[in-house]
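Structures given as structure tokens follow.
You will see subunit A twice below: alongside subunit B first, and alongside subunit C after that.
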Partner chain A sequence: MNDFRLIMRNLFGSRSRFALTLVGITLGITALVVMISLGTGLRTQIDKQASDLGANLVVTPKGWCAYEQVKVLSGNQLPDAIPPEELVKIEAVEGIETLPYLTVGSAIENEPVPVTGILMADTVEMKRWSVEKGDVPTDGTPTILAGSSIAESFDLAPGDPVTLRGVEFTVAGLIAETGTRDDAVLFIPLDVAHEVYETDGRVSFVAIKVDDVSKVDLAAQRISDAANVAVVSDKQLLASVLSVVDSVGTTLRIIAAVAILTAAFGIVNTMLMATFERRRDIGILKSIGSSNARIFRLFLFEAGAYGFIGGVVGLIVGVIASRLITPYIASNEFTAFVGSATVDAIPPFSQMGLILLGSVVVAAVAGVYPAMRAARLTPVEAISYE
Partner chain B sequence: MNSIMKVQGVHKTYNGRSVPTTALRGVNLEIEAGSFTCLVGPSGHGKSTLLHLLGGLDRPCEGSIEAFGQRLEHMSDAELARFRAHKVGFVFQFFNLLKGLTVAENVEVAMMFAGLPAKEQSKRAAELLESVGLGDKMKARANELSGGQMQRVAIARALANDPDVLLLDEPTGNLDTVSEGEVLGILDELHRQGRTIVMVTHGAEVAARAQRIVEVRDGRVSV
Partner chain C sequence: MKRILRPMRLTVAAVAVVAAAVIAGCGAQSGPASSLAVNAVMADPAAYSGQIAIEGVVQDVDPASGSLAVIDTTEYATCGLTPCNTAGILRLAVPTSGQAPNGATYTGTMPALEDVVVVVGEFKTAEQGLYLDVARIEKGGSPLLTKR
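And now, the complex of A and B:
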């Protein structure tokens, strides 16, 4: 016999109580893992998306908020807010390459799909896309370059007809998987998009590649001077979007913390019940030589064991839940990033270790008061309890 | 014979919620090594309280208790726990086994508190259970046993750390005649082997086996 075995015997002595207490802590940890997974997934994907934008600067209409900036990275539909005359002024600035984007939408088989008008050859080059099937569409023709996941979803292949806004397009090529939101978008030539969507040459935003990266600030200043637009660097854009994501993440973590706190009170309750129910056992242990400190330790470790077992189960359930929930979360346009990031959306092992440690510590802290009560019982008082 | 336990002028009062209850009033008693002493007397007159004080389960309000050269009333809680683990073995009327543990584990747990390694615990538990006729019940749960068997496990547990004194609080009070005979037989044998025994009992026949009978009445003792 040793302390560990005795703790395990006590822990599993009342299976229903053990299971019910475990459910509480497991739910708390599961919630925390899911929340962290989603937060991590969002962050990772936004980071990746920003680096894949292939731009040093992004030109947006004045007054856009972070929510719209998220959409710049997510490829979701944005207003066609930059007029052609401003675009001409931007293109006239020296030392930069411009890539205008017109983000619109359509539907295939009654399912909404994101559509983006781009300058085909320039964008393919700047984004370093690999066209694995078919060819890069030619500007001016009603053709489509499809992302890998959307092509798979609708079983698209080069030569297939697709109707967008009543106009028949032909799939010209498929982009090899990029691991970004681009995989879920249909790209069409910008001039055709203007025509089909009747935007009078307006675009949603413009990605800018500066020839000399040491002069990014200068280029930004020149664009602001030349046109009535807002210019943000890729880093500013990323920081702005991440601040929104972080605030969402903080809210999610608070929810998880409340769940864990509730579970901690469940442990306090269970351990107090155990102290009461096992009064006589405490007396027996003391009569055969257990010290108060030993009783305190046994009860404290028992509470900690709830945290450990609940933590392990919570981590497993949390990882599974993250994988199952991600596709549903991804259907929300604001959190769409996680859609292609299920693997990244699981917290790293170091973080899981910290969660487990936190679970044990919370449970042990919850066990301090009941353990003190148990240790303070006098042997005669405890042993005389009927 | 040399005295191993010496009680001098011990008073014990319990502070209940309404009125204090005095259990012992100036008790003097000596227990000699290898003796078999029975504490007899009416219920509620202080027999069990005296036994608890001898075993370091409780502290006197006044007076002194010397056991093996140490004053129990001066010991810290931790020292008293060590005293209970090494020097005395308790057996109670209602067996007081840990129901979630097996028979062997109930014996081993006492050795665990005395710091015996797990391997030695198992070996000694097997020997002790064999000696009380329960060698075949080691893996059984404590609550699967009859009253007599449970009390024999309690005796094995009390002997686990080879204590100098066995303190028994009405060990046969909850047993049928056959089981009572078995338990008393074991106690006789332990006494023959030189073990010091102090037993609280109501039964005159049980008390008759003792070398010395001490009557506890109204918190006072008379030999």
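And now, the complex of A and C:
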């Protein structure tokens, strides 16, 4: 009997032990795949959101933490905290183009909907939106430019009425899908938003486009000197948000690593039991000329096989689980990006290959000690055991 | 071959059962919330009709007068009891002795500071403006205060 057939026979010889050991590895790999999928999806979305903001700098009220900065990218409701007099000072700075945003909210059919007041024509141009139906609303009119997914959710079309804060608006146009959070927002003219939401001209944040990209730092300094606001570059904003995501991701990966470690100890236990139960087999093999190296190899490869099979099954279950679980995880504010946009929840193939390799290596390492124990048995010792 | 296929089938079945249990468990424990967030509601309270459930954290409570202030749970998690979004404070009058301005009376126990509560009620218009006519306040799924 060749080594491969021997390993397969030993692997599937005890079906319940095989299944239970495999479940342990599968769960560990599944957890790792879900964590990696979520982390990869989040990073991809955040990168996309930041690049689609179309700004080199973002002006926010002083004292905002990373949580508020996440909301700049997510389009969630923010305090209207930048007063109009500060906005005037910012707009007076040379060499920049300013786009103020007022992020508020409302409800349609008792479902909360994000609403953002913007300078219509300027924002459409900066964000390079394409209006697939209807027209771009005119500033000063109670009209709405709706994102594609929110329009689909509520079956909105140009000409439809929508009541916001007791004022009837009309849907003027629908934005073509952007793949960002903008798809889930109702955009209204900023001046109308000020009036309807009674904000006295205050805005939530200001996106700044610098005419000369090489002078971004100079522009940031000028804005900070002119107005009592905080200025962050798009890269700083991204780094700040990603630091939050990364710390969450690190915690999740540690949890997954603990699950895999637990599975590894399960393999150690299984293989030690196998060593104990197969003493006679080991003795017979040695008595017919099998070397210690061969015995070691047989047990090591058997352990590695657990890792391979568990890794493959874990990858499959993990991919399915990540597709099913991420919408639930996305109910969290930090991870809301994932639930609102199309995210490829499958880790890249290279990463999946590494996960599988890691599973085999961890399982093989777990099998080293039992394999050494098996290899060291003498034939007499092994055969004489009852 | 059969000896290999049989345990494989058993393995696939076991993994499927475990995966289904995990998914079902996750769905039961952490599915999308049916309660609304305070900030979402306070952005445009008039946009909500009928009875709604609002989840928040108790920011201020005065058992003597029956006044209660509730803030957004995620805002509380970030900013503590002093919310960043000052417009998002749900103020309620739920006295257990005496009457609320709308004539309602309540029975039960007032929640404590920093309790996570679900306020069930309906927005109505009165002389003083829009207010939330509270039907009950729940904590951990159990009613704390109920309208008489």
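To be clear about the criterion, the second predicted complex is superposed on the first by the 381 of 386 C-alpha atoms of A that agree within 3 Å, B and C clash if a C-alpha of one lies under 4 Å from a C-alpha of the other, contacts with A are read in each partner's own complex, and residues count from 1 in each chain.
Operating definition for what follows: a residue touches a chain if its C-beta (ideal position, glycine included) is under 8 Å from a C-beta of that chain, and two chains touch if they have at least 3 such contacts.
Since the structure is predicted, the reported quantities are computational estimates derived from the model, not experimental observations.
Enquirer: Identify whether subunit B and subunit C fit side by side or clash on subunit A in the overlaid structures.
Expert: fit
Enquirer: Classify the contacts of A:10 with the two partner chains as first (subunit B alone), second (subunit C alone), both, or neither.
Expert: So A:10 only meets subunit B here.
Enquirer: Counting touched residues of subunit A, say whether subunit B or subunit C comes out ahead.
Expert: Between subunit B and subunit C, the winner on subunit A residue contacts is C.
Enquirer: Contact-wise, after the overlay, does A:27 reach subunit B, subunit C, both or neither (first, second, both, neither)?
Expert: Touch partner of A:27: subunit C, not subunit B.
Enquirer: Quick one: classify A:110 as touching subunit B (first), subunit C (second), both or neither.
Expert: Touch status of A:110: second partner only.
Enquirer: Where does A:365 make contact in the superposed view: on subunit B (first), on subunit C (second), on both, or on neither?
Expert: Neither partner.
Enquirer: Pick one for A:166: touches subunit B only (first), subunit C only (second), both, or neither.
Expert: It touches subunit C, and subunit B stays clear.
Enquirer: Tell me which partner A:119 touches in the superposition: subunit B (first), subunit C (second), both or neither.
Expert: neither
Enquirer: Mind working out whether A:288 is in touch with subunit B, subunit C, both or neither, as first, second, both or neither?
Expert: first
Enquirer: After overlaying the two complexes, what is the shortest C-alpha distance between subunit B and subunit C, in Å?
Expert: Superposition on chain A places subunit B and subunit C at a least C-alpha distance of 9 Å.
Enquirer: Per the definitions at the top, what is the overlap between the subunit A residues touching subunit B and those touching subunit C?
Expert: Touching subunit B in the first complex and subunit C in the second, residues 9 of subunit A appear in both lists.
Enquirer: Going by the contact rule at the top, pick out the subunit B residues touching subunit A in the complex.
Expert: 52, 55, 57-58, 77-78, 81-82, 84-86, 90, 92, 96-98, 100-101, 105, 108-114, 118, 121, 157, 160-161
Enquirer: Can you name the residues of subunit C that touch subunit A in the complex?
Expert: Listed in rising order, the residues of subunit C that touch subunit A are 3-4, 6-8, 10-12, 14-15, 18-19, 22-23, 26-27, 30-33, 36-37, 39-41, 43-44, 46-50, 52, 74, 78, 84-88.
Enquirer: Can you name the residues of subunit A that touch subunit B in the complex?
Expert: 1-3, 5-6, 9-10, 13, 280-281, 283-294, 378-380, 383
Enquirer: Quick check: in the complex, which residue numbers of subunit A touch subunit C?
Expert: Counting only subunit A, the residues touching subunit C are 8-9, 12, 15-16, 18-20, 22-23, 26-27, 30, 64-65, 67-68, 77-80, 104-108, 110, 112, 115, 163-166, 197, 309, 313, 317, 320-321, 324-325, 327-329, 331, 333.
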